[in-house]
Structure formats: C-alpha cells, structure tokens
Amino acid sequence: MVPRYARPAMTAIWEPEARYRIWFEVEAHATEKLGALGVVPESAARALWDWWATDPVIDVPAIDAIEAVAKHDVIAFLTWVADNVGEQARFMHQGMTSSDVLDTTLAVQLARSSDILLEDLDQLLAAIRRRAEEHKYTPTIGRSHGIHAEPVTFGLKLAQAYAEFDRCKKRLAAAREEIATCAISGAVGTFANIDPAVEEYVAEKMGLAVEPVSTQVIPRDRHAMFFATLAVIAGSIERLAVEIRHLQRTEVLEAEEYFSPGQKGSSAMPHKRNPILTENLTGQARMIRAYALPALENVALWHERDISHSSVERFIGPDACITLDFALARLTGVVDKLLVYPERMRKNMDRMGGLIHSQRVLLALTQAGVSREDAYRLVQRNAMKVWESDGALMLLDLLKADPEVTAALPVDELEDRFDLEYHFKHVDTIFARVFGEAA
Amino acid sequence: MVPRYARPAMTAIWEPEARYRIWFEVEAHATEKLGALGVVPESAARALWDWWATDPVIDVPAIDAIEAVAKHDVIAFLTWVADNVGEQARFMHQGMTSSDVLDTTLAVQLARSSDILLEDLDQLLAAIRRRAEEHKYTPTIGRSHGIHAEPVTFGLKLAQAYAEFDRCKKRLAAAREEIATCAISGAVGTFANIDPAVEEYVAEKMGLAVEPVSTQVIPRDRHAMFFATLAVIAGSIERLAVEIRHLQRTEVLEAEEYFSPGQKGSSAMPHKRNPILTENLTGQARMIRAYALPALENVALWHERDISHSSVERFIGPDACITLDFALARLTGVVDKLLVYPERMRKNMDRMGGLIHSQRVLLALTQAGVSREDAYRLVQRNAMKVWESDGALMLLDLLKADPEVTAALPVDELEDRFDLEYHFKHVDTIFARVFGEAA
Amino acid sequence: MVPRYARPAMTAIWEPEARYRIWFEVEAHATEKLGALGVVPESAARALWDWWATDPVIDVPAIDAIEAVAKHDVIAFLTWVADNVGEQARFMHQGMTSSDVLDTTLAVQLARSSDILLEDLDQLLAAIRRRAEEHKYTPTIGRSHGIHAEPVTFGLKLAQAYAEFDRCKKRLAAAREEIATCAISGAVGTFANIDPAVEEYVAEKMGLAVEPVSTQVIPRDRHAMFFATLAVIAGSIERLAVEIRHLQRTEVLEAEEYFSPGQKGSSAMPHKRNPILTENLTGQARMIRAYALPALENVALWHERDISHSSVERFIGPDACITLDFALARLTGVVDKLLVYPERMRKNMDRMGGLIHSQRVLLALTQAGVSREDAYRLVQRNAMKVWESDGALMLLDLLKADPEVTAALPVDELEDRFDLEYHFKHVDTIFARVFGEAA
Amino acid sequence: MVPRYARPAMTAIWEPEARYRIWFEVEAHATEKLGALGVVPESAARALWDWWATDPVIDVPAIDAIEAVAKHDVIAFLTWVADNVGEQARFMHQGMTSSDVLDTTLAVQLARSSDILLEDLDQLLAAIRRRAEEHKYTPTIGRSHGIHAEPVTFGLKLAQAYAEFDRCKKRLAAAREEIATCAISGAVGTFANIDPAVEEYVAEKMGLAVEPVSTQVIPRDRHAMFFATLAVIAGSIERLAVEIRHLQRTEVLEAEEYFSPGQKGSSAMPHKRNPILTENLTGQARMIRAYALPALENVALWHERDISHSSVERFIGPDACITLDFALARLTGVVDKLLVYPERMRKNMDRMGGLIHSQRVLLALTQAGVSREDAYRLVQRNAMKVWESDGALMLLDLLKADPEVTAALPVDELEDRFDLEYHFKHVDTIFARVFGEAA
C-alpha cells in the first residue's frame, strides 16, 4: 500500500483494528449459536457481547505482544479477549480452527471492499454518462492504428467507455458474490467438532453465503477469480487513461486533464501541462494486474491447506483493493473535469484534405457499377496524392478532376459523400443500446 | 500449440479452413441482409450461397498467395471468393470493415471452444462425482501444511474438487456469454455505411449477441475476462494435479495414476511409477495462466483500435483453448482410472500414535471444566512425547497415564475421543450441499 | 509457434529431427568416452558413428510409433537407433538417465537459438546505428508525457535505442553463457553409474560448460534467467515499436513504416497507411514477456526433479525463441526502411510558438538575478497565453512585451534563448559515449 | 510493504527521509560542480553543505504541505530547502530536471538495497555451506517425481542449493551494476542547459556510473532487468522452501523447521508442528515474482518519457527489495537451525525393499551380456513384486531366486550391487566443483 494512492474508507477496512473487530464478531456469533445448541453456556456469548457493547478499544500493540510469544495470531487475539472478558471467554472458538475466523474475515473484508468499488464504479459511470451526453454529437475523428479513419463523436467514445465499465461492474458484482462465503467447519472441514448450524448462523449474521465444502480453508479459486476480475477492471482503466493521454498530446490536444491554478507541470519547463493523472493511472493498472498472478498461484494449496496463500494475501488483499479504489476515484475526477476542445477536434479532422471520406466514395463507385478492385484503385491513386501533400490538396478536388471517377459518379453525387452528418445517423441507436431507450 | 497436447475437435476450430468458413458465413449472411434492405441485389447472396452449397474446398495456399501480395488477409480472402463466385461477389463486404469479419469470427471460435470446454468440464465433473461417491466413506487423513491433522474421507477430497470445478463451469459459462458477440458496425463502429440491422441479422444467424457499441473492434475487456477465466480454471486443474502428485509420493502412496502394461517409468530405474500425467498437467496449468497476461495487456488499444492484439490472439486463441481442452480431458482420465489404496490410507493415518485425535481430547477437557490454556498444555505435553517417538508411543496410553488428565476426564470418556466414525457424521451433509439432496 | 511469425533457421532448431540429431550426438559422444574408459567396448561408439556417417534419415514417425507403446521418448529413440545400428547399440546410454540427454539437448538448442538472436541483435544494432548517424543532427521535438518539451535530434532517439539494444545484447550473451551447460550425471546426479569424465567429454564436444551440480536435471533457475532475459529484450522491442507508432500518428507523422506498392492498408479505407508492423511487434512483445512467467514457476521442482517443467518448455522453448527471432528481424527491417520526414519534424516543433524555449528563458532570468519563483511566474504567465492561443501567439513576442521580463533581460539576450543549435552542442559527446570515440 | 515482512535496515532506505537525503546530496554535488564550472557562484554549494553540516531534521510533513499546493514533489522539496538555506539556494537545480534527481536517487536506493541483498545472500550461502559440510555424507534417498530413485546425501541437496544461490548472487551483482547509473542530462537528455561534467561529478560522488544516454529518464530496461533478476532469486527461494516443506511432511519427516518452546502450531490441534516459515516464503516468492511484471511493462515509456513508471516504482521499489531481504534472512534462519533427522532418512530409504538399487542390477546384467530389453524385463518383473508388497519383499531375495537372473549374474555379484557407499564415490568431486578445491 502506497499512502498517496489510498483513500480512508477503503484503507480502514484493511487496518488491524477492523480485522480484529470482524474476528470478534465471527467468534461471538459462533459462541451465541453454540450456546443455543447447548454446546457451551448461553452466558458465554452474553459475556462477550456485553463487553463488546462497552465499545472497547482494540489494543493492537497488546495483541501483537502476545503474538510475539505465541507466534500465532488468532491464539494471541483470543488470549487478549479472554484477558478482558474473563472466564466466560474460554467457551469461545469451541470446535473451530483459526482458518474459520481468518477466512471468513477475509471474505467480509473483500465483500466490504467490493461494495466500495461498486460505488466507485457507479460514480465513474455517472461521470462518463454525463460527459457522453454532453458530447453526444461533438464530431471528432475516429482513429484506427493511430491514423485518421472516419468521423465519430466524442460522446460515442465515452459511450464505449460506459459500456465497458458497466461490464466491469457486472463482473465485480459476480466476483463479490463468489467471494462472500463463510466457513466454520473445523480442523479439516468435516464439522467433526462443530455443528454446521453454527456456520449457517454466522454466515447469515455476517451477510455471507455458506461455503458448501471447505477444507479448513475457503478454496482459493474464489480469491483467484476475485483478483483476476480486479485485473480486468484495471485493464479498462488503462484503456480510458491511454485514450486521454493520447488526446492530450501536443499535436492532438483534443482534451486535457484539468489543470488547477498553482499547479506546476515541470520544474524546468513552465509551459508544460502534462497528463500526469492518467499516466499515473496507467502505472496503477499495471500493479493491479500484477496482483492477480500470485492469487492464481495460490489456488493449488497442498492437501486440505497450506499457508502459502497467507503472506500473498497480506499484500494483495489491501494493495489491490486500495489501489483500485483510488484509481477508480481518480479516473472519475479526470472524466468529470476533463477539458474538451471541440474546435480542435474539428481542426484535426479537417487536416487530412477530406481523406476520411474516401470509403464513402469507394462505396459509391462500386454501387455505380465499378468493380471493387477498380474502385479501390481509383480512390487510392487520388488519396495517395492528398496524403503526400500533407493536407495541401483536397480529395474532393482531385476526384472531380479524375475523368475515370467522374465517368462513374457525377460531381454532385461525389460532393454528397463528403457530408459529416452522414456518419452520425446511428449515434442515437448506439446511445439507446448503451444507456437504455430513454437516453 | 504443441501437437502432443492437442485434441482434434478443438484443434479443428482453430485451423485456417475453419476460420475461412466462418468468414464466409459472416459475409454471406451480411450480404443476404444487405440484399433484403435493398442495398445490394438479392442475387448477390444467392450466388454466394449457391456456390457454398457445392461444398467448395477452401484453397488455403491460394488465399495465402494472394495475401502475400495484398498484405491483407481479408482482402485476400474476398478476392479468392470473387475468383470463384464471379461478378456477384463484388457486393460482398459492402460498408463493412475487416474487423467486422475478424472479430465476429473470433467470437464464434471462442464460443465453440467454450462449448467443448463446457463438455470437458461435464465429463470431469462426472468422473469426480463417481469416484467421490465410491469413496464417500473411505477414511484418510486430512493434512494441513503437509502435516497430519484430523481424519477426512477420500470422498470429501473429491467433493471439494467437484464443487471447485462446478464453480469453474459457471465461470466459463459466464465468460462464454460475454465473449459471444457480433460486431458489424463498419470502419469506426458508427454504422455510417451499414445498417445496424445487418449486425442484428448476422448475430442471430451465427448464434451471437449484438455488441452494443464497438469501435471497429469488439472491446478487448471481453477477451481479457475470457482468458482470465481460463487461467482460474487452470489453477483448479493444478490443485487437483498437485493433490494426486502428493498422494503418489513413495512415502504416502495413497493413490496412483493408472500404470498401463508396457509402460516404462524410467529408462534407468525400472521400478519407477511416476505421476507424470499430473506433473504434465501442472506445467500446462502454468502455460494457460500465462496466456491471460497478454490478454489483459490487450485491453488498452489505442483510440478506436490498433492491431497489437491480433498477434497475441493468434497465439493465445488456439494455444489456451487447445491446451485447456487437452488438460481437462487428461485430468478426467486420471481421475477416472485413479488407483486408490484405502489400506494404505488407513496405515498412514495410524502411524501417528493417535495424535490426530488430540483436538477432541482438548475439547473434552475444556468441556470438563479445564481452562483452555491448561487443556492445551496437558494435551501438548503428551502429544509431543508421541511425536518424538515417531509412532512408537500411543497418545491414548500416555493420556491414561497422566493423572492431571484423568483427574478431569475418566478413562472411558478418553477412549471415546479416539473413535474415527465421529469425524464422518457430517459427510452426508456436505455431499448433499455439493451434489444435491439426492446424493 | 505461429508459422507467420517464424523464420526457417530458428524454426529448424526446434523441429523433432534437429532434436533427435542432438540426442544422437550426445549419446554417441558419451559412448565414445565410456569406451575410452573401458566401461563399454570401443567398438560401440564406432558402430554408432559409422552409421551416423551414412547420414541416415531420422524417421520421426517410426520413433513416434515406438513411443506410443513405450510411453517414453528417450527409450523410443534408443530403440529406434538400436534397430538401425544393431547389437553394438546396447552399450549406449550406460549409466545415463533420460534427463542427461534431454537437458543437455535443450541447452544446445537454447545456445544455438541464442547465437541466432545475438546475430539478430547485431543486425538490428547496425541498422539503428546507420539511421542514427544519418539523422545525427536532424532536429525534432523531444516529448515528455507526450507533450512537447525541448529539441532533440532524431539521431539521439536512435542512439538511445542503440544503447538499449546493446545492453540487451550483453544480457543475452550472459544468459547464453548461463544456459549452455551439460549434465551427464546419472539417475539423481551422483555419477554413481557414470564417470564425471563422460560429462566433461560430452560438454567439450557439444560446446557446453559442465554443470557443477545437477540433480538428474539441470537446475531451472538457469532457464528462468534465460527466459526472463528474453522478456526484457521484448520490453525494449516494444519501446521502439511504440515510439514509431507514435511518430506515425496522423497528427505527428514524423516517420512512417515503409509502405510497399500493392499494399492495402484497409479493406474499407484506401487512404490508410498504418503502422501495422510495429503494432504487430507490440503484441509479440507481450507474448515473449508472458513466456517468462511459467519459466519462473518452473524453478521450484520437487526434490531432485519432477517433470512439470517439461510441458512448459515444449511451448516456450520454441515459441519464445522463434517469436523473438522474428520480432528482432522485423524490427530491423522497420528501422532499416523507416521513412523519416525531417520537414514535418520541424513543422511540428514550430507549432508551439516557441514554448519549447521557455526553460532557457527561465534560466536566463534566474542568472540575471530574478528569484526562481518569480522567474517561473514570469515565464509561466506568458507561456500560458501562447499555449491557449494554440500556436497563434509567439512566446518571444510576448516576452519582449512584458516589462517585468525585459527589466531583467535585454531583448537581444532574450532572442539568444530561442536558438535551436544551442540544444545540440553535446550530441557529439553522447554519440561518442554510445558508439565509441570514432562515431 | 507489509510491516511483518520488513527489516529495519532495508526499510530505512525506502523511507521518505532517506529519499530526501539522497535528493539533497545529488543537488548539492551538482551545485558544487556548477560552481566549479562558473555557472553558479561557488558560495551556493558552500551554503548548502554548511546547512547540511548542521544535520538538519528532514521535515517531511512540511515538504508534503508544500507539495499539496505545488503538486510537484521536487519543486516542493527545493522550496523547503530554500526556506531553510536562504537566498543561495536559488542556484540549486540549474539546468536540471526533476527526473535527474528522481532517477539518480532511485539508482542509489536500488544500489544500496542490492548491497544489503548481496550480504543477505552471503549469509544464506554461509549457512547452506555449513550445513552441507555437516551432512556431506548423510545418506538420504534422492527422489524424482516424488518417487524414490537412488541414494544421494543430504549434503548434496544443500550443495545444489549453494550453487543455485551462488548463481543468484552473480546475477544480482550484474543487476546492481546495471542499475547503478547517474543521469543529470536536463530536460530531454541533451545536456542543453547543463554540462555533462556535472553528471560525471555527481556520478562519482554518489558511487554510480554515468548513464551514456538518457532521455530525461534513465531507460527502464535497466529496472526491468533488475526486478526480473529479483524474480529469479525468488524462484530459487521457493525451490529450497518447497524442498523443506516436503521433507517435513508427516510421512517423510526427514527435516523440520526449528520449533521454539512456547510456539503453538495450531489453535485446535496441539500436536501440530508445521513448516510455516517455508510456506510463508513460498507466498513471498510469488509476490516478488509478480513485481517483475509491471517493471517489464514500464520499459515502453512514450517518447522521451512519460511518468507511468513512477506509480509502479513507488510500489515495487520498496516492496520487492524489502520482501526479498526479509525472505533471504528468513530462509537463512531456517537453514541455519533446520532440524535434520538422519535416522529417519535411513528408515525411509530402506522402506522400498531395495528397489533403489534396481538400476545397478540392470547395468550389471547388460554388462554381463544380457540385452538391454531383456535386462529391463528381468529387473522390472521382480521390482514390480517388491513394489506391490509395499516393502514386505526384498528385491535382492527375489533376484537371487530368479534363475534367469542368476544365470547371468552370480549371487555375490548381485549382492555387490546393493552397497550404499557405491553411490557416494563422487560426492567429493561435486563438493570441489561447488565449494572449490579446498572444500
């Protein structure tokens, strides 16, 4: 976790105190059910909850000190609770194993993190949608291979991003559902020393589903799927970030990250306005992607479990969630305040001497009976002259002067092919697909 | 693609001929709809389908030869079709761009591959289930950290694998749904030169959903999610493979890959029977995981598209699908014919002098009123003696001889704690959760 | 391996026949030394080499057929050789294990592949150097964050690439040295049944170093380092490819991949000239990077060895080497024939109204006694006006009209700061560092 | 960074204060040289060093506060220094760019980290060597595929690990050399506003080499190579960790991590002694490997630089170095205190009824004139009986009773083949190769 790329609400989920609080809740709910089942006195859970109702400070250093001797984190915590609650605490954790607590807690943390990330996505989607509608009909050149192709609108670019992040949201919702399971199944998952009813009870109380079969641990394919999903979302963040970085290039300059008063772009070059937020997001996306790898390697634990996954998750649990939360929020801010320059978009589009209309001419020629190969040749020979003139020659002029072309296509029909609005007649259809009919 | 790790049905999907066949179908369906819309003569599609009905051989070398000049694969193919069909063929591909064909075709290939993989998973699940039911109550030791913990059954191990691959199947079904979209939206995805109705028609004919918004290409977050999902499945394959490799170790030898007559384990050591299939699967899992990475890096294409994803997909499209298909089938065979040795499982379990029952004694002591800390100390001091005797001493004997223990727990109650069946009372519950109530 | 991304010389190294040839050589050399040591008759090696001198066709299908029964590739090969050579062949492989042959052979293949890759790098370096010298003083704008910064020369860009690939060459030479070892140490690497002198002899004959300690297999950290090194080289390929893709963007167009007559850029848009080779290289770089991952996971084989690395290496051995060979050659071609447009470079540089000189003015002001903060403020307020004018205003004009500026710096000194040559005074120094003093 | 996996000396290198200290030194040395060159007053550097001699506290919160407004870290730091040093500070940073400071500082941090890691490797190597010599002739079974193969010694296992980590040390030394470069080349690396002599001077003072050609930034292929090298080292850590985890398995138990008094293995099962340190190392190895990926993706920065690498390096710079330092130290402790059980090794070796000697019998038969195929068949048919008896039958007994065997090989020669010492005759050779002649 890098503090500058962390926001408080998400970070709080991953702090030791939050973790201990969830531990306690899991243990206390389990003790409650054990009491109801007659396995332990009902007074035990009451004692625990009574103490909890006093809103006790979680004394992390004290717990750490116990762990330094016992070399076992859950035992250390239970000892500390017992020190505070007294004799009734000895009924805690009956028939349970540490992993019951640890894995269920991790599930709670990942589910809560998912909830924040889902909200982040909602805000990002809202920002993208607002800007998409604002620029629904702002013409801009579509580029394939970085080369001018045909016109699109800036709203269409954003509609694409909206659809992509909407898919990300669905994927995250699915990943959240997969990860939110509770296992209280004892030493090797057989429920030998604890009734399955305890698991069901704790699951319900903690807002989780029951893990159908655990082997002391919750199987790590669930976590692999979770972090792989975050990695895919990171890819989509990178895509939009790279798009903005491209648009802000000096030669393009169709959009810019908001540049606040007082900001300095470069210590050496005062004129610089750099797309540093989206570059920063590009790097963060690389990290979030990388975190999926050890999660994938964690799946193949030995037999009923080993603990190699644990050190990995101490890193990637917080780091992936915190960084993604930060990145989504940062991207939302970038989109929200993005400076968009429609005039520049128009200027760029016009610089190619009308080459972007070449396909329409090609189609018109074939529709007028010219063979595809001949049409291609006719258009290309004129297009290449325009290309090589670096915008000085206009395609329409050259075509009008090419007798082989005009033999097939009258001049007025040629001119019709250079109309910009022609390209936007289905923008509404696409918006309706992406944002719903009311869009 | 490594031929020895490839099966014919899956490989066929990825051969050039299959690809060209799908190309043709996409083009012909599109031409048909363009005819219905009056954009091209209806005779065009008829000419195409008439030729197709003659079941023409796809002349791959001829197409390659054209591509060598044109340096464009789709143009080469269209030229070859035109050479065969004649004049009517010039109406093909009207208003379309190469990516419309390429991306829709890739979607078909990935969807068909998914169908095979889903069948593979069904067969794997069936094999696991059969063996799970066969060994529902075969006792074996559960191990955490590679160390004996408490008893489980071999059926439970397999039930866990079943639940895991069942999740994999759901994930793959979701990934298939995501990947199976059709885009026929023209040069930069605006439908400027092609009616969205064509896309809808081709989608329906090819069994795909409509891509809501494309930018010449189908967005690559879909493919990233697809290959990430295959990577997670690979993790689960590795897990079961590693389990079997562990069980076949000389010192464990609780199960073995089937060893056919005539097979030689080692050119130097004739006695060797090695778990080579599951080791092989472990390596294949590493490859399938690796293929997810470039798919994740493919998401951030430049602007409306660049073509950097294409070379990646020429590798990972076939390699990931073909290898996963092979791996699932190989794993199914391993599970199906796995030699299982219940007697050896029992022998291994007994070698620890009853230490595996220590937790039950611990619980009994606390339930009898001993503090958790004292109970732990009492059990541990006897357990450590057994441990150090390497199976020569029996825990039950030592406990009976420990007056502090017997003061809390009568000898007959102590003996009760060493009953194996006690651990299996919830096997049925777990099986019902995994396989359904009828299990 | 994707045939379209493969060149014959590299591919040949990885074909079954080449592999079997190396197997034979390893076995025959070993038999020769075993003969000299008196372990087997000297006639055995003679019989092998006599047969070899007849230049026998390697009958791959026959060997495959034997393997289908024996399920062991080395035994299958030895059987086939014995079928051809006769009785003397039974002395082959005495005291050896399959891995002795397989791992030594892989070392030979990787060393030979390295030799080709080193030649590829030499050719790439030569092409870069030639173009660097050609454009040593071709002015072009340096860009940080995609934003114009200060002038560089196109030769400097290429000098940087040269230095980077020169480092890659050194890394590859080191990786080659690490990977080129011979192990003939028997079943578990103890030389129990084979004299270390055999290993030394075969190593020398095959051009390898002796593996100091093997455990049946050559340790896989060597291979991990090898493939990780290829991954770093892929990163450098991507960097230069991305640079060219940026330069070819419509708005930049300072350089272009060579566009051959007859080539079609787009089936739909005849005017397109796309940087498809460098996009293609970008994708290949992703693949080569990905192949490093399973190589890293291969290191931790179980005990003296398991065989999980083998399936991985059947993929990445050929795929990484063949693809990198292809990529280096393709990049060499791109650099060699790159169309460079110095005029456009100059035009782009001038479009910012002289903003690129802002730092020099800043320095001049501070040297003239203005505090750094004030100087920054003075330059920035004028720079921002130029920036917002989109090239219509000139920085020099504005500064001349700013009394606070001219109070500190006379107009002629201001003008001095806008001299382009000023930036190139150390180009020679850098070239000497990169290419040597004679450059 | 996870505090529990961090050691103070390494962590200190990566704390903000350490970073600022290096920043200051770089700036002050540069100012000193600029003074000597007459570009700035010589008094400037004196003022800086005088202040530095007062050992000022680096006021991190104050610098952060300035950055919060300026949104630029280097400017914030320079401002803070100027606030402390006074007017002379305005001569700092003349002609430099932020990256000159940042990248040179990162080089210093990575070089210092490398020095710690090299020391870590020295200590690990010393521990491994000590234990290798201790167990040079401790017999233990060699295992391929997890299956008993032939005898080795425990010292040989460790000699292999020694050789592997010795290679890692050489790789790290090479990576350190590559990463330790200084760039003070100004805005886009042209030295337009700063003499190359400044770079040379600072490089020498900071213990770095000169970067031959930089583009504002030090090229990131250097960093990619550095982190890839750490990833390879992580692989070797995992290998040794996995070996120990295997040896500690209940059924094997040939070695154990040291288990300290007071340690609790399991909250539920008091008898457990788990290899948690090596499992923990396995997970850490996964993380260190993962950090190489974004470093590889960082290579292809745009044009002269973008800043996407920066956020990545804020994570992986500290996280990879700190975690690897911790892992190496932890592994050293594990090796140093490893409990080794030679008697158990012997017991395990003997459990196979002498099957491990099968190859020697095979060889003896072929040397006695039996064809390889017949010899294999004779040995295998007896070996399989032993195998199936689970150690109850002895191979030597069965061979003596097989007339086809004794027809070829007299009984006393058969018995000779079952001598353990035979396998260790080259241990000395291997030790000399690994540890040098004096070993």
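The first chain written gets the first letter, and so on, giving A, B, C and D; residue counts start at 1 in each chain.
The definition used in the following text is that contacts are C-beta pairs under 8 Å (C-beta built on N, C-alpha and C of every residue); 3 or more make two chains touch, one makes a residue touch a chain.
Labels paired with UniProt names: A, B, C, D = Adenylosuccinate lyase.
For clarity, every value in this text was computed on a predicted model and none was experimentally measured.
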Mutual neighbours - chains that touch subunit A and subunit B alike: C, D
Centre-of-Cα separation between subunit D and subunit A, whole angstrom: 33
Interchain centroid distance [CA atoms averaged], subunit C/subunit D, Å: 24
Residue numbers of subunit A (touch at least two other chains): 78, 95, 143-146, 149-150, 186-187, 193, 245-246, 264-266, 268-269, 274, 276, 279, 282, 289, 293, 297-298, 302, 306-307, 359
Contact graph of the chains (line, ring, star, complete, other): complete
Contact set on subunit B toward subunit A in their complex: 78-79, 82, 90-91, 94-95, 142-146, 149-152, 156-157, 159-160, 163-164, 167-168, 171, 174, 178, 186-193, 196, 210, 212-216, 219-222, 224-225, 228-229, 231-232, 234-236, 238-239, 241-243, 246, 282, 285, 289, 292-293, 296-307, 359-360, 363, 366, 371-372, 422-427, 429-430, 433-434
Partner subunit B, residues of subunit D touching it in the complex: 141, 143-150, 245-246, 248-253, 264-266, 268-276, 279, 293, 297, 344, 348, 351-352, 355-356, 358-359, 362, 376, 379-380, 383-384, 386-387, 390, 395
In the complex, subunit B residues that touch subunit C: 1-2, 4-5, 69-72, 74-75, 78, 93, 95-98, 186-187, 193, 245, 260, 262-269, 274, 276, 279-280, 282-284, 286-287, 289-291, 293-294, 297-298, 302, 306-312, 314-316, 319
